[in-house]
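Labels A, B, C and D are assigned to the chains in the order they are written; within every chain, residues are numbered from 1.
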Amino acid sequence: MTIRTVVWGENIHEHTNAVVGGLYPQGMHTTIADALSRHPDISASTATLQEPEHGLSQARLDETDVLLWWGHKDHGAVSDAVVERVAKRVYEGMGLIVLHSGHFAKVFKRLMGTPCALKWREAGERERIWTVNPGHPIAAGIPEQFVLENEEMYGEFFSVPEPLETVFISWFAGGEVFRSGLTWRRGAGNIFYFRPGHETYPTYHNPTIQQVLINAVRWAHNPQAALKNVEDAPNVPVEQALEPITERGPKLHAAGEAGYR
Amino acid sequence: MTIRTVVWGENIHEHTNAVVGGLYPQGMHTTIADALSRHPDISASTATLQEPEHGLSQARLDETDVLLWWGHKDHGAVSDAVVERVAKRVYEGMGLIVLHSGHFAKVFKRLMGTPCALKWREAGERERIWTVNPGHPIAAGIPEQFVLENEEMYGEFFSVPEPLETVFISWFAGGEVFRSGLTWRRGAGNIFYFRPGHETYPTYHNPTIQQVLINAVRWAHNPQAALKNVEDAPNVPVEQALEPITERGPKLHAAGEAGYR
Amino acid sequence: MTIRTVVWGENIHEHTNAVVGGLYPQGMHTTIADALSRHPDISASTATLQEPEHGLSQARLDETDVLLWWGHKDHGAVSDAVVERVAKRVYEGMGLIVLHSGHFAKVFKRLMGTPCALKWREAGERERIWTVNPGHPIAAGIPEQFVLENEEMYGEFFSVPEPLETVFISWFAGGEVFRSGLTWRRGAGNIFYFRPGHETYPTYHNPTIQQVLINAVRWAHNPQAALKNVEDAPNVPVEQALEPITERGPKLHAAGEAGYR
Amino acid sequence: MTIRTVVWGENIHEHTNAVVGGLYPQGMHTTIADALSRHPDISASTATLQEPEHGLSQARLDETDVLLWWGHKDHGAVSDAVVERVAKRVYEGMGLIVLHSGHFAKVFKRLMGTPCALKWREAGERERIWTVNPGHPIAAGIPEQFVLENEEMYGEFFSVPEPLETVFISWFAGGEVFRSGLTWRRGAGNIFYFRPGHETYPTYHNPTIQQVLINAVRWAHNPQAALKNVEDAPNVPVEQALEPITERGPKLHAAGEAGYR
């Protein structure tokens, strides 16, 4: 079974900034998708902000197992309808991997329920990423620590909900730390946030970073059928109760009436 | 130090349904606030949907330590601006206790990031509430199990994020179970969901239910100063780095420029 | 890659109680192992209390990916050396699935760090098992609820640590609830506790129960190489520090000296 | 209500190492207890390895709300009986604060169920402690980061169970990070591990460190009555079932017989 992934890229700085364009001439999304596609258990395509529906039609999302999301310059340009559509697919079981500046993506804030804010500094400083959960599937084959010689700093407090598990923590030359690899489940969907990936550095060409993303895709993949009823609030009529009960006391709702929302 | 609480009530069925009006002639919110106010460490007032800004002006929220929320019939009537205002106060440290049908309140869904859906049946059946975390502050003085002879059934799957801790689980005569007491933290704010409280039954007159609410208010109270910066994403200039670093490599942002959102 | 499982059975009541012997003539462990072995991705063998080293030599554990554990009558007969050996393999990444009365197995208490106590009643009453985490891999293909017409009751408070995730909750005819499917990670090892399985009932012949066990084996399997250093406390000499530092201030330890334990 | 704390000190290096003795002439435990005692809501006494029963008789533990534990040189000298006694009191609701090299204390390993190992380097290097959960009670009044100019380095992987919440993360000059403030609950007892505190440095004289310990004592304090039954496994006879049930099917246990352990 191939894991069907879509790498979503905002696709702006690649065209407006010479450094970014030089590092990622086909776009960061393409670099990431190419890295994923080298593995026979993963098929990867791309989608961008500029496409109709940002490349994320319902039909396409319905055939997507794991979505990776990179955005930075124009989070506000993503339509709310697409945000809701992606969130619903996550509840159904689509994995979501949020990359770097995607911490402020509408869909990440929507799924976390928190501001997802942090400190930052763009100084090309050294980042050391430490594995603090070496048995986690996302850490498979990743050394106890590895270095990105030039990265943007992200610092705490990172205002996200306490994760299920913390997988990576970053050390920065300027003195900060950051929880760089965090997992959550929302509905049937697995979510992983991974910090590195500032567009002016060659981070997504780094083989260790690529390995983390491959691991994350495999971890986030939920092979179960889509959990279609996660937003339903079904009434269970008395006569269909699993154990025999008799209706008692006053009621608000007439038989068969839907609940309030 | 008195814990300043506001009990928010939708305040509809008390006026449109004779049973509810008979049980709670001053409104469910008033019954709850009166129960809280009998404790000298808690001061309680009420707010309702019908008041200007639903009784939740910024000034009032700024002086609220813990907000309790009961709504059912008309969640959609709550203005989005008030929802955002409440969510922001939670991030700052205001406690939030969501009651029963409040599982579908806009602000709860907003903070959870999930649908918060569940099964239901209005048959006045027996509910047994089991304490599965007896050392938790919210369980102080609560027996290992207690009975509500008539309650609405709520059944799993309850589509909320995995909680920090599960405190109560309900057994229903009709065969269902439900995670009835769950905790989360969002920003600096403590959140507790507590299942019982259907308006056609005298649940909020029950002393054990009242004790849970009192415990929950004390637990949710965060006496620290409001965490005002939870939505900020400050830049840390290179020259203010904690450890001396030298700027290297290409940059997107000019000095002093704000980050993207 | 085949997942190498060992099903450990205490193997007492099958020989001393006619009912148990009738239900499981080859032992409960054999019934479980046979159910697992019908799946081509799983190989299953058995081990019992009566074998030398309880069938769990170091060599055998080193070739075991997932260990299932059922014990009841004579937990105390399991040697402490084997308990430590199993715990160490869990830290290294071996999965552990603890069944029913195994809640009091030495190795489970050892890994949880808590008493793992609970209430019980042997009345052949109805158990309804509810899936409260339908997107979890262990719930794959499991209905929202299923029935065991005759089971022993286990009731809360179940004194285990708060789990990573709660997957199943049981409803009992006599009025109790129980967190029946719980997950933890210890070192690199995944641990799942699954409640059903009293020996006087045909629980392990139930296809839904078998499916849960198969799911649990797949979930618990950690394909990474054994994490051999999880008990090490290595000194990092100053001259091997990742970032250049100068030794300062007083020291307790001479260069090359091991730390205290 | 005064929180009755006991600060347990191994009390060896203060007498065998001139530096340690100079920094803490009355022992580290006394310095810590003095800092706690300056707050009217806390009473603090000390206990040491050398006292009978290490100063931790059952009677004394029964009157202790929160125990702080510092050990390093001779963890093995702590008697197993005292370890079990302390663990049982934690299950009952006594708070436990484990300091620095106490990560290898028998009672901490006992309660965690894991090796609790880590990397280390004794070079007097700079440690920056970051608050990653600013709304947590243990972080009350603690700045977003603070510095210990000379500390021992502890590095990941720290082999403990995933915590309930991560409160502090340390940055070290030599390039490592460490989860320095972690919380768990075991039974009714709150547990906090706090990393700093190498005996050759004046860490426990630092006012911010003292404030963390005061906060931790208040957070760990469980004012409920001792949860005495956490190790019990009571049988619930059929005739005492909460809901009427009829005994069915075969049984192992005669009426009134205790369960197996």
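Please note the rule applied: a residue touches a chain if its C-beta (ideal position, glycine included) is under 8 Å from a C-beta of that chain, and two chains touch if they have at least 3 such contacts.
Because the structure is a prediction, the values reported are computed rather than measured.
Participant: Spelling it out: a chain qualifies if it touches subunit A and also touches subunit B; which chains qualify?
Facilitator: Chains in contact with subunit A as well as subunit B: C, D.
Participant: Going by average Cα coordinates, which chain is farthest removed from subunit A?
Facilitator: That would be chain D.
Participant: Which chain pair shares more contacting C-beta pairs: B-D, or A-D?
Facilitator: Between the two chain pairs, A-D has more contacting C-beta pairs.
Participant: How many angstrom lie between the centres of subunit B and subunit D, each centre taken as the mean Cα position?
Facilitator: 31
Participant: Would you mind pulling out the distance in Å between where the CA atoms of subunit A average out and where those of subunit D do?
Facilitator: 36
Participant: What residues in subunit B touch two or more of the other chains?
Facilitator: Only 128, 133-134, 145, 155, 157, 162, 164-165, 173, 175-176, 185, 187, 242-243 qualify.
Participant: Please give the residue numbers of subunit D that touch subunit B in the complex, ascending.
Facilitator: The contact residues of subunit D facing subunit B are 93, 128, 133-137, 139-141, 145, 164-165, 173, 185, 187-189, 222-224, 227, 242-243.
Participant: Tell me, which parts of subunit C touch subunit B in their complex?
Facilitator: 128, 130-134, 144-145, 155-158, 162, 164-166, 169-172, 175-177, 179
Participant: Using the touch definition from the top, list the residues of subunit D that touch subunit C in their complex.
Facilitator: That would be residues 13, 17, 19-20, 72-76, 87, 91, 101, 104, 110-115, 117-125, 150, 153, 155, 157, 159, 161-162, 164, 173-176, 184-187, 198-201, 230-238, 241-243, 245-253, 259-261 of subunit D.
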